[in-house]
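First, the structure itself, so that you have it in front of you.
Chain IDs A, B, C, D, E and F follow the sequence of writing; residue 1 opens each chain.
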Amino acid sequence: MLEWPAEGVSRAPYRVMSDPEIYAQEQERIFRGPVWNYLCLEAELPEPGSFRTTSIGDTPILVARNKDGAIGAMVNRCAHKGAMLCVEAGGKRQHFTCPYHNWTYDLTGELCGVAFQHGVGGQGGMPKDFDLAQHGLERVRTASYQGLVFGTFSSSVEPLETYLGPGMTAHLQRVFHKPIAILGYHHQTLENNWKLYMENSRDPYHATILHTFYATFKLNRLTMDGGITVEHGGWHSINYSKGATLREGSYEGTGIRSVVEGVGLADPSLIERKQEFEDGITVAIQSLFPSCVNQQIYNTLALRRIEPLGPLRSELHWTIFGYRDDDPALRAMRLKQSNLIGPGGYVSIDDGVIGEWVQRGIAGSGAHSSAVMEMGGRDIVSTTGSRATEATLRGFWNGYRNLMDC
Amino acid sequence: MESSEIMRQVDDLHTRYIRIIDDERWEEWPHLFTESCLYKIITRENFDQGLPLSVMECQSRGMLTDRVTGLRTINVYEPHRYLHQISGLAIEHIDGHTARCRSNYLVIRTMLDGAMSVFSAGVYLDQIVLGPGKPLFKERVVVADSRRIETLLVFPL
Amino acid sequence: MLEWPAEGVSRAPYRVMSDPEIYAQEQERIFRGPVWNYLCLEAELPEPGSFRTTSIGDTPILVARNKDGAIGAMVNRCAHKGAMLCVEAGGKRQHFTCPYHNWTYDLTGELCGVAFQHGVGGQGGMPKDFDLAQHGLERVRTASYQGLVFGTFSSSVEPLETYLGPGMTAHLQRVFHKPIAILGYHHQTLENNWKLYMENSRDPYHATILHTFYATFKLNRLTMDGGITVEHGGWHSINYSKGATLREGSYEGTGIRSVVEGVGLADPSLIERKQEFEDGITVAIQSLFPSCVNQQIYNTLALRRIEPLGPLRSELHWTIFGYRDDDPALRAMRLKQSNLIGPGGYVSIDDGVIGEWVQRGIAGSGAHSSAVMEMGGRDIVSTTGSRATEATLRGFWNGYRNLMDC
Amino acid sequence: MESSEIMRQVDDLHTRYIRIIDDERWEEWPHLFTESCLYKIITRENFDQGLPLSVMECQSRGMLTDRVTGLRTINVYEPHRYLHQISGLAIEHIDGHTARCRSNYLVIRTMLDGAMSVFSAGVYLDQIVLGPGKPLFKERVVVADSRRIETLLVFPL
Amino acid sequence: MESSEIMRQVDDLHTRYIRIIDDERWEEWPHLFTESCLYKIITRENFDQGLPLSVMECQSRGMLTDRVTGLRTINVYEPHRYLHQISGLAIEHIDGHTARCRSNYLVIRTMLDGAMSVFSAGVYLDQIVLGPGKPLFKERVVVADSRRIETLLVFPL
Amino acid sequence: MLEWPAEGVSRAPYRVMSDPEIYAQEQERIFRGPVWNYLCLEAELPEPGSFRTTSIGDTPILVARNKDGAIGAMVNRCAHKGAMLCVEAGGKRQHFTCPYHNWTYDLTGELCGVAFQHGVGGQGGMPKDFDLAQHGLERVRTASYQGLVFGTFSSSVEPLETYLGPGMTAHLQRVFHKPIAILGYHHQTLENNWKLYMENSRDPYHATILHTFYATFKLNRLTMDGGITVEHGGWHSINYSKGATLREGSYEGTGIRSVVEGVGLADPSLIERKQEFEDGITVAIQSLFPSCVNQQIYNTLALRRIEPLGPLRSELHWTIFGYRDDDPALRAMRLKQSNLIGPGGYVSIDDGVIGEWVQRGIAGSGAHSSAVMEMGGRDIVSTTGSRATEATLRGFWNGYRNLMDC
């Protein structure tokens, strides 16, 4: 159905951004295929009975911690006639009771009660051979890494750690090295295909150009030490920079729109930062195939999850956190810096609209053309030093082609 | 001051606030606040759970000014306008020269192509410092009913 | 296209609730197929020239009483270039004049005037062989039963009374035994497939569980005498109960969420009722395939018609009525009890959301699974005494499979 | 009472009304009405044809209380909030201690996931009993412009 | 006249204006204007570029009357209603007997089938002639934020 | 895919008004096929660097005047990853810089700069063989006639003047005979397929019937001298009338709804007119295939462009103009008469809703039927004197069938 341009991963046909049949195939081959989907954080499930609702592609998912403290996931869909069991973002339950006919499931998704199973007054009820054990919720296999819970519909996908690979797990260890504390949530609807957001998240090329705030106030420039790490054939990537290593030049006076001259902050306390990590990295965006982003921008830490809402729309869910042992000053710094991120963040505001501009730009005759990604060559390699590359994007399309078989 | 005069002043401050925003006279917006102030947009999802994260949070008039710098010269977004409606303004408490007020706001957003939407609706929780001169916001906490933002939020609400 | 699960009517694949091609087929095979669609009430067409606009599936329909007092129906679409002839819910007309070019039809749909048919000053106009008789409105065959007007596009469907069958006609006679008076209308949009609403309407299993008001205030429980009647292979059904026969037990203390303990009504006059019917039935829901519901809940009487609005949305139209000879006290009682029904009714509020929760629950991986309906066995039989059954639902799917040929 | 004082009281009653509803302090809602009262939501479709059917109709304060019981413990629905705007409040007539008032209302509904919509818009037709104490609604008839309800109506408007 | 009395009169004129429109008492609408008057609906797209084109422009009370004739007997459209909200009404200047005023308006349109939408939002720029009798609009310029109209505009805003 | 009724162009199957696949085909075969699409006016591009955004079907288009004063058009889509280059309706630029990664194009669409093309500090950047010349914007061929700018994706379409034909160019010369001045814009969304609007625009039959204002106040009646001109096989047409030649009769007392008796204007200055053109034509609507209308109604002059927004929706863009040398009185007259046109115009209000009523009328069973257009015969000929004809519509469908190959 989908023919890929001969140039390979340095091209991506725009058609994949709007075609409803391709979207349906993605649900099957990617989200329900051999991938690990980020679901939520263990920290959001503090006790037995804690649950969260989330999603894998179009499928509504329920994640719960059971009586033994183990975490499991299942489709948020009653096995009787399909009603959602929970509509809230999260909470605590002893069991899950369906509102429609009161079928009741335990925290692992086993059906443990059917209202009027034996009828009333000896009449009606379920057939004698009706077996509760055959009618539990559709289970989703889960695995956790450093407190991040992932789920899969696949029985053949490699183990989570292998799926992520050593570079990715090392970076997760770096961030999730001690207990976190959730500071809040953002939700943001985007008028664009989910992949345009995933591309954006892993695109080092745009970061210091589109995001004028980055370059103007020297939070992030290509003239800092930094690099990109690609892994698992490029399915996953990290893009990082070290603020203290800035060299002047290459931006000023080049006519690149990304540095606004003569502008200052009236209250520069916003961009004071604390060096939290020994590696000197001040901005790092890790993008995990297919739909998760792990973000450090200065002292703001966040996980982002993109939820597709049809081919032309998506919703970005942000979970912002700090560490449980943050002192008040550091906590306050994180919160002040949260002005940089989210739907109203000095940096990420720009990402809110850029995907929509692409979506509208590729309408019409765009269905016959392709994005061109040749920055940094045409292959998929990690680089240290330079971030003038689109290897991370080529990696994404490699993953996409692997799974979509195109 | 008489209570009807206080109400008049508070009402007038609200009218000036929405006029300045809806007319995009951004540079005047910080001057509706005291030098030391708090302006914060938080979703009810976070507010009701006691989670501190906000969508925008200015802890000084300088930070308000920086938001104006941001929307004037830094950020990339599609031009659009706000149109405010306010109802149910009430002074809930007066403590010396500070009035604690509350009102319902509604913001309609209109895009370049003419698309209009209910962009935000919720309550203003205010601390207003009363004159000798014109009253000023010492604190405005905007609690938005919706947990989500359409595309982006670059203008204050 | 659509393959049915081997288990037969005790399963219904969720795919039928969202697939646009199946939706298009339903329009052809069900709504325009060999069925009788409820259109409106004769009482809404009091005089010659009275008309109502309604719909059969996606097709806009005009029902009118002609000069002779006979009722007819036609597609609400000008034979010239397709404009709707009437946009109002109802009214009175001498004839139907199209706003676009003034083609005029009589009350039976015959074309009786074409503006400038003979041109102007001898020039232009319609060809000499243009035959008005060939350009009337598309007619819809109608038949009435006890004041309910039905319409069909089919020339082969059995006569209306045979289509309904003796049990259904008897129940219609019971309710429509004397002239009715219309008390008002409700309209309610539902974010779910039209069939989820039709299933709901005929589902005895949910009635006393989802609708906590029923069980808590003892308006309807499975521990009352009652039963279900299925007919025409289960296409149609009635689900009824007799309030005066309540036996305690089976609800209290079972953990079924449907009885709220320790709750009372501050003004219990709401649920005072008058025994109107000799058979002792106090709640009866009759569901006529494909899209009509005839409701008695205590002293509230209503017809409901579901209008599909694409695969994921529908609108429920309620016509609430009493009898013309109601005394003021009974009329007041009906109006007070109307707090039980409609989009804001203590009972039917719950049905407003439950279909949406199913629609969202079956998204994603749900396209591969099916609803399970084994309560009361796996066949389609009427029962008296027990209502712990889903035979009425199996009956609906039997009708669906018959028509959809799947 | 002076007419400006009556207006102030009536306005204040409206502010308290929307505050109570929008803050989901349902238990206080019946206490804005007299013991014997009428609260009714009717669509303009029925209202203009003289059809008596309403979407919600409480004929006593007890029935108001029962609606609160309903929404707190009986009915199943997806959590959501209302946000009111009111304009054009006018006292049309005063007869002894009863003021006949009228205003335009608008209710924005926000769902759990953040979806906002214009849920209802129309007029309030009120009979308000004026103090010695605080004024109370003797009658509030809500005439909704739209003939249809999205999904369900469980909260009073 | 005292300034609070002027404000009261201006406010009252606004209330009558939206009541007349929202109740479809069209015949009374021209009588809220002076004999020689200007009523004009212009989009911000044209207004901000200094382009003179308006969506509706009545240069006399007769032209207002003709618009009523149009909507009553001439034009073909689907029946619908408006519901106004107004906020931020301010008197910006008083020159003799004429007050220059300004406010934010919002119009919700409801169609026959019950569909509601944000039909128009923007500002009223008014010249109001103050009494001896009731105040009247000498000029009302409606600047609509959106550059586009959904389907058609047949009722004044 | 699309089979045409045997009757030929006197029929148009309603299916073309809603089918998404036909819509997609139209994009390819009509809008990107061998047609000239109206884009904008030269007067809107006053100086080098002036640009306008517009569209050809679904494709976003950028029209710009380059440094040499020549006008060119290109797809408004960055050649890198597809972002729109301009979102405003118009303005002035030195070059077009993409917001995403700052690729920069000159005013003709040539790529002239790629940010970090040579990397940073010798690392990264584009491959050595990356050729800017291969990555310009997708160009759209343009041609102007009398100040109207047209564009095409086709390399085989005949030259613009030939495409328009002598009758159409003569009429354009008549209107655009001296420099124009733009008075403003209207934009109007229509809940109907774009073709329903194009049909409406060229339909002389509806003009004096639907538009009661025309007939009542004698601005336009079929009992005036007038005619229709069809050209290029009817692809284009003009429908005109001469106000001064009105003969009474044929409307009054015929029961045609289009004359409202006993109604007058309180301020008749609205319909005072100045005879601007020597030919005596007071109303003339020229409809150019596929999507442009050139309108003169009394002293109002406007170009209208219909933009399809999917099969069920469209947006009508109006550009209202006068002449640069209008004296104040004539300018004021044009503006006063603008009460006749646009989304709130006494005449055109009616056109706003009529397409929606057709769209809703042809839903459902309508997919199997066709519009009937036999007024004035069944062929496509110009007529002078009579306008009781639908030849202009048959002409439109002739063009449609030619291109859609059906």
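Rule of thumb we're sticking to: a contact is a pair of C-beta atoms (placed from the backbone, for glycine too) under 8 Å apart; a residue touches a chain by one contact, two chains touch by 3 or more.
All of these numbers come straight from a predicted model, not from anything done at the bench.
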item	value
Neighbouring chains common to chain A and chain D, by label	B, C
Magnitude of the superposing rotation for chain B and chain E (Cα, nearest 5°)	120
More contacts between chains, C-E or E-F	E-F
Chain located farthest away, centre of chain C as origin (C-alpha)	B
Greatest separation from chain D - chain, by CA centre	F
Between chain F and chain B, distance of the C-alpha-averaged centres to the nearest whole Å	43
Computed distance of Cα centres, chain D from chain B, in Å	27
Centroid spacing, where centroids are CA-atom means, of chain B and chain C in whole angstrom	49
For chain D, residues contacting two or more additional chains	76, 78, 85-87, 106, 112-114, 118, 147-148
Shared-contact residues (touching 2 or more other chains) in chain C	87, 89, 99, 187, 210, 350, 354, 357
Which pairs of chains touch, using the document's own definition	A-B, A-C, A-D, A-F, B-D, B-E, B-F, C-D, C-E, C-F, D-E, E-F
Partner chain B, residues of chain F touching it in the complex	87-89, 99, 187
Touching residues on chain B, where the partner in the complex is chain D	44, 85-90, 102, 104, 106, 118, 121-123, 145-148
Sites on chain B touched by chain E in the complex	12, 14-15, 18-19, 22, 81, 83-87, 106, 108, 110, 112-118
Contact footprint of chain B on chain A as seen in their complex	89, 182-191, 210, 212-213, 216, 260, 263, 265-267, 269-270, 315, 320, 335-336, 338-339, 342-344, 346, 349-350, 352-354, 356-357
Of chain A, residues touching chain C in the complex	27, 31-32, 55-60, 75-85, 87, 97, 99-102, 113, 115-116, 119-121, 123-127, 130, 135, 138, 153
